[in-house]
Amino acid sequence: MITKMLDEEMWLAISGTALKVVLLTIGAYILIRVVRIIIRKSFSVRFKGPIKVTGRRHQTLSKLLENVVTYVIWFMAMVTILSLFSINISGIIAGAGVVGLAVGFGAQNLVRDVITGFFIIFEDQFSVGDYVRINQAEGTVQEIGLRTTKVQAWTGEIFIFPNGNVTDVVNFSLHNSIAVVDLSISHDSDLAKVERLIMEFLETVQPNYEEVISPAELLGVQNMTATEVVMRLTAETLPMQHFGVARRMRRDLKEFFDARGVELPYPRMVVMHREPGENMADAAVVKK
Amino acid sequence: MITKMLDEEMWLAISGTALKVVLLTIGAYILIRVVRIIIRKSFSVRFKGPIKVTGRRHQTLSKLLENVVTYVIWFMAMVTILSLFSINISGIIAGAGVVGLAVGFGAQNLVRDVITGFFIIFEDQFSVGDYVRINQAEGTVQEIGLRTTKVQAWTGEIFIFPNGNVTDVVNFSLHNSIAVVDLSISHDSDLAKVERLIMEFLETVQPNYEEVISPAELLGVQNMTATEVVMRLTAETLPMQHFGVARRMRRDLKEFFDARGVELPYPRMVVMHREPGENMADAAVVKK
Amino acid sequence: MITKMLDEEMWLAISGTALKVVLLTIGAYILIRVVRIIIRKSFSVRFKGPIKVTGRRHQTLSKLLENVVTYVIWFMAMVTILSLFSINISGIIAGAGVVGLAVGFGAQNLVRDVITGFFIIFEDQFSVGDYVRINQAEGTVQEIGLRTTKVQAWTGEIFIFPNGNVTDVVNFSLHNSIAVVDLSISHDSDLAKVERLIMEFLETVQPNYEEVISPAELLGVQNMTATEVVMRLTAETLPMQHFGVARRMRRDLKEFFDARGVELPYPRMVVMHREPGENMADAAVVKK
Amino acid sequence: MITKMLDEEMWLAISGTALKVVLLTIGAYILIRVVRIIIRKSFSVRFKGPIKVTGRRHQTLSKLLENVVTYVIWFMAMVTILSLFSINISGIIAGAGVVGLAVGFGAQNLVRDVITGFFIIFEDQFSVGDYVRINQAEGTVQEIGLRTTKVQAWTGEIFIFPNGNVTDVVNFSLHNSIAVVDLSISHDSDLAKVERLIMEFLETVQPNYEEVISPAELLGVQNMTATEVVMRLTAETLPMQHFGVARRMRRDLKEFFDARGVELPYPRMVVMHREPGENMADAAVVKK
Amino acid sequence: MITKMLDEEMWLAISGTALKVVLLTIGAYILIRVVRIIIRKSFSVRFKGPIKVTGRRHQTLSKLLENVVTYVIWFMAMVTILSLFSINISGIIAGAGVVGLAVGFGAQNLVRDVITGFFIIFEDQFSVGDYVRINQAEGTVQEIGLRTTKVQAWTGEIFIFPNGNVTDVVNFSLHNSIAVVDLSISHDSDLAKVERLIMEFLETVQPNYEEVISPAELLGVQNMTATEVVMRLTAETLPMQHFGVARRMRRDLKEFFDARGVELPYPRMVVMHREPGENMADAAVVKK
Amino acid sequence: MITKMLDEEMWLAISGTALKVVLLTIGAYILIRVVRIIIRKSFSVRFKGPIKVTGRRHQTLSKLLENVVTYVIWFMAMVTILSLFSINISGIIAGAGVVGLAVGFGAQNLVRDVITGFFIIFEDQFSVGDYVRINQAEGTVQEIGLRTTKVQAWTGEIFIFPNGNVTDVVNFSLHNSIAVVDLSISHDSDLAKVERLIMEFLETVQPNYEEVISPAELLGVQNMTATEVVMRLTAETLPMQHFGVARRMRRDLKEFFDARGVELPYPRMVVMHREPGENMADAAVVKK
Amino acid sequence: MITKMLDEEMWLAISGTALKVVLLTIGAYILIRVVRIIIRKSFSVRFKGPIKVTGRRHQTLSKLLENVVTYVIWFMAMVTILSLFSINISGIIAGAGVVGLAVGFGAQNLVRDVITGFFIIFEDQFSVGDYVRINQAEGTVQEIGLRTTKVQAWTGEIFIFPNGNVTDVVNFSLHNSIAVVDLSISHDSDLAKVERLIMEFLETVQPNYEEVISPAELLGVQNMTATEVVMRLTAETLPMQHFGVARRMRRDLKEFFDARGVELPYPRMVVMHREPGENMADAAVVKK
């Protein structure tokens, strides 16, 4: 009777196990289908916004993701089914674990890139067309991708860097820029007269430069070295127009001063001559 | 009878399992509801203070968080329910673990950013409008966000950096600043006379400059090089007014000295001439 | 009877175990076969594209991978079989775990290299023949490999670096380049006349240089130092032609100016002479 | 009868479980109460010493800690209660583990800051009012906090940095300082006479400077370059008085030397003239 | 009877356990033998290729590896046997785990070195005799070892570095090199004439230099500074012959120019003299 | 009867559990007592040697350690007791694990500091009073502590750094030092005569300087630049006496040479004059 | 009867447990004895070779290791015994795990140092007496220890660094060195004559210098700047004799040239004078 009971139990167990195997297989299959559809939808919907993903890459990435997910789900299902037959799966798990560890570590940069990329767009740190400086790259943002960003320098080269490397962003396109012109004048100059001339010149700036949006200013004496007095002039311009405005101001200022006969200083040096004969006689610098 | 007992037991087990499944599902649902409400409340209440979160982002972030939490809770519930059917879930856990590991590592920067951001506000290290220097960024704080901080340089560009990068903060707006002016005078000058003149000048500083809040001082001879003696002058000013005050002091000092006929030194050099003919004859430097 | 039952159970268990051992061995064998075929196929199919893998390496890598996979699968099978005999395999797993840990850590660079390499090709950051700058390496891309990239400098040396080191790519071959020529002129020069001459010269650039694809421009006064005024000229060229164009423009400009008698400035200095006798007498710089 | 036994057992199990739930809930509640009281006491007692915690922050931090502890204890209690109902909690633990991992990694900086902060105070590395240099920050310590330290530079700006960044401390306030004055004299000078004069001057230092606490010394010839001989003078002063003392010594030394007619050297150069005509003729440097 | 059954069961268990112990011991012994033979074979066969392992080291390393493997296998066997006696081995495992962790972390550099070393040889990045630059080391590769590489500088010193440090390799021996000679000429020179002379000289290069494998070229005006015009000449040479060729070209060019009376420029400066008397009078730079 | 048996079993279990609780509590209590005594003994005995621990800190650290140990042991005991009541303690362990992880990571620097500190003393790398350079700190070792080392610079400031930062130690007090004096002489000098004079001078060094312990040497011509020939003189001195000896040697050498009428060189320059009129005429550098 | 059976079983269990405790205690004791003997033997035998371990340290280290091993084995034994009484030891393990984690991380540098140290000796990278450069340390290797290496600079100071910091070794003692002498000659010189003279000089080198082991060579014109032509001379010397040989060659070369009346060049400059009056008139650089 007990044998019968065992039989009955065994059959119960066997049929239960068979049922579980079937259910797990179906469940895994359905899960894969669902995940695939989600992936496809996400790709066709979500990244329509500021991220530019070309068609070809779109497809490649979508398929890659589908493959990875399919493999992972089937692996889980197989492991679970094996464990139904009371087979200790520690070995399999451990083997997969070492691979998983290496991949997990190796892939952390990838995850970091995507997370940072998400925040760049979410926080609107910069957008396509902005003039930015990010690490060594300085130029116009050309493309903000899932994993990398492209910036074009003014001399034509393209900087491509992973988003995870974007830590300190300098964005020049969000606010008006300030054009800064430093003017060296000689110590011999009459400071008051020079200032008067500069003020006269500055009044001509805003009317003549359309990119300048407020009256140009004379900040004052920025520096006073042994050879020159440095005057600093500033002008608020539209974003990123300060390079051009500063160039033009330098040119106009030079012409303005030339026309009025103001000389800009060359380096100067006072030279005291001593004859070779004087050399040692003179050595007793300590006079008396 | 034993079969009957087994039946009874089985039915007990089945009904117990069914109950647990229902309870778990309901519990998970309620938990999600509660967590969602907490998230929404937190967002509408807590960050009213110094952090500026615009409406749109507010909503996005709140929804993102809700989604993540919903997915995580359902995942846990599903795993727990599966385990009720005596299905070994090691496989699922292991699979989720590798993903979790990669995400955990990738997200640690995010956590670090938010924790540091919390402490910046909590410790009031700086607030919007302060003039600060943080790494390469120097300028006025424009916005302290959940994850990033924005600083505007005086020339208009915006620095954007994650809070986790904020290690050494230099805040210029908490205390009065000191304007420092270094004045080079010639070695030939009569030091006592020059000092007398400087003292005379310094007495005119506080009355004429409204940003200077205590009498300007002559620190003394800061340096003595082969070509010049450097005198250092200081004036305590309102926070961040020291750039302007130093510029004006340099200008006024120059005018003051010019008016009194004091010459500032050009680099000097003593030149000893030797004729080409002398060249080799003279080679016996060791005389006698 | 119970002994009999135990016997029966035991035989059941023994036969079950034997069955499992056989099944596991066969399963492992089949798995290895399948994986090997997949590896071979992948190697002969997938990397036909932009990655250049020579025949010999192809074979070596393929065999290496097959060996590693074979060892790993047999190890898992053995561990699983041992566990069927109720032998605690924690010791084996732990031993393998330490080795796995060291290998996992040591191999993470390898994984990172391959992942980054995949993205370089997938995102088309650069391709063979492009002129790029990656860290210290600057030159023409010669080969993009599974793990490393080779770049040939213009002076002939080859830079070889793992793909994981490729973070910031500067690609010069994607867009037109800008040739930049800086021209120093003397402060004494008549700026307007010089500008007129430069404009005259620039008109001759596009017609005479086939690599220049738009009229050359005079950007303006880039800098104004104590000794010179720096004028900047630019010309848009085909990608990577800017070095040659700039060289030729400098040459032609020099000839153009020489022909018209314009002098380029040598460094200038104003020298004031003082006699040694004057030295101390003159010390009272503060006159009167 | 067996059914009855099962019933009895079941009721025993149910009542036992119920008891455990009640006990766990009460235990958790009591534990929270106790921990809260400990936190409050710690905050009001322990940090009275050298750490300055303002009232408001005190309260905020104390509440924050209480909240965190409360959440953690309730989470543990819930998990333990769930496990009483034979619900496998691996899923919950795993979920919490990923979050915990990210938080644990993200929070390690925080822990490091507090540990280092504890040691700064415990080892008395510096205290409020000391003049220190820590990384780029140089100035007077203003506040040593739980997590950060504040240092005020002499020009007014405040440096704020986490204690974990404090590795190399330079403390200027623990010992007397040495004022160092380097004096350049001409190669033509009579060294013995100059030394005699310097010794004469140094004797006047300690009597006239109250910050100098031992006779000033002439260290000797520190350097001998092509243009000058550098003599080094030192004077031991009270802590941090060396800047002021060195400035005053430079000034007094200059006056002392001026009064005795000793000239300090300008850079010198020997110039050999060659006529343009000599140029090529002379080319045969190899004479004969 | 039950006692008897227990006895029987016990004896079964005991005999089974004894059997397992014997089997495990024998298995471990055989495994060690096998692994040892594999190690010896690998050492005598595999590294015959490009890696140079001297006899003595060969033996040492082989023995070291044998010892480590022997210890590890016996440790695993012991742990497994202990677990057969139902002794909880967590303690042992944990103890070994901490040691394993430290060793695993400490050894990861070793693993990294060997993996990178394998790839250097497998990818043929450089081989013995190549002239390479790797980090600070520049010279001829002397030996590529299991863990380290040796490079001999041209001045005789040997650089020894672990392969894991080899990230960016610069290999000079794979392609022809380019000898680069920069020639400074005076602004006063007649550019066309100089170019004609250089072209004349370049035609003599390939016929006279056997290492030069294509006609030498005049690249053009590389730079134009305030004092000189820099002309760049290049010649393609056999690998690593560019240093010698450039040296000889410089010498021959100098002789060629000297023979034709072309002068190379000394630095030039325009000096404007002002008398000390002029000094202040002239101060009104703003004329009129 | 079965109920009775269950009762009996239950009472056995209950009494066993009670016994275990009591035993565990007592064991924990005794363990704490023992550990405390060990801590106290260690503190009063072991660190008497080279480490300087002041009384106050001694006590603080000893108490801190006692507290930590007490808390840890009670925590373990509680967890073990809870587990006796079949309460799943995974939750508690997991909670403690996250805290432990953060603390473990945060504390690793501490452990590293103490381990390195131990080796500094054990290997006698330096001891109190030695003159060392460790990273930026250069000066006399003042204190070697458990966690940090203090070094006093010669100008009075104290460097305090954790022992874990001590990687490269430069110890100046273990061996005799070498005083190095570089002497520039003019190219015009008669090298043989100068050498003879230097040799003559060097013979006077050892007899007159008590810190010099072997005859001073003339190393030879260290460098030969366009303006000077540099002769290097060395003298072996007692440890750390080389600064003083070099200073005195420079002084005596100067006096020695002055007495014998040897001139030390000023920078020299050959100047070729060209008149402004010559400028363009001369432009045809290519003569003929 | 069942009670009796239980009794019997219980006694069996109790006696079995007691047996296990005794066996474990004895096993641990024996293990400790064995390990101690192994440690002592290793210390007295193995490190006799190239590593220098003084007697005192020998003993200290050996005792330290013995203590650590003793503690670890007793801890494992205790944990195993506790687990025999069905006491859940997770708490203890977890507690020990956190400590182990911190120690494991903290100790990884130690492990790394020893592993690298082993390879330095095993690969014979350098040995005592070699002249090496390792990071900032340059000098003669004085001692290669278990954990650190000591290098003595030629000026007497000792560099002490952990072996783990030894990555890039530069060993100067393995091969002959090359003495390099750069000789600047004037552009005015007759290159062929100078070369003839140098060749004449070089022939005198090998016969007169015993450290020179092959004829000295004239490499050629290394550089050609605006002021000088640089000729490079080399001579192969015994290892590390190149400093002395180069010094002597410079001296002899100078004497050789002086004797033959060859002048070495001073920096030259062409000066064009312009009178202040010319200043503005001349401004029209654009002539005609």
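Letters A, B, C, D, E, F and G mark the chains in the order given here, with residues in each chain numbered from 1 onward.
Basically, a contact is a pair of C-beta atoms (placed from the backbone, for glycine too) under 8 Å apart; a residue touches a chain by one contact, two chains touch by 3 or more.
According to UniProt, the chain labels map to these proteins: A, B, C, D, E, F, G = Mechanosensitive ion channel family protein.
These numbers come from a predicted model, not from an experiment.
Two copies of one sequence, chain F and chain G, touch each other mainly through non-matching residues, since under half of the numbers at the interface are common to both. The angle of the rotation carrying chain C onto chain D, fitted on C-alpha atoms and rounded to the nearest 5, is 155°.
Separating the CA-averaged centres of chain B and chain C is a span of 30 Å. Residues of chain A found to touch two or more other chains are 89, 97, 101, 103, 105, 107, 109-110, 190, 227, 258, 261, 263, 266, 268-274, 276, 278-280, 282-283.
Across the complex, chain B is touched by residues 2-3, 6, 57, 60-61, 85, 87-92, 94-95, 97-98, 101-103, 105-107, 109-110, 135-137, 145, 147-148, 152, 154-162, 165, 183-184, 227-228, 244, 247-248, 250-251, 254-255, 258, 264-274, 278, 282 of chain D. Residue ranges on chain B touching chain D, taken from their complex, read 5, 8-9, 20, 24, 72, 75-80, 83-84, 89, 93, 96-97, 100-101, 103-105, 107-112, 114-116, 119, 122-123, 125-126, 133, 167-172, 174-178, 180, 187, 190-192, 195, 219-227, 229, 232, 236, 239, 242, 268-276, 278-279.
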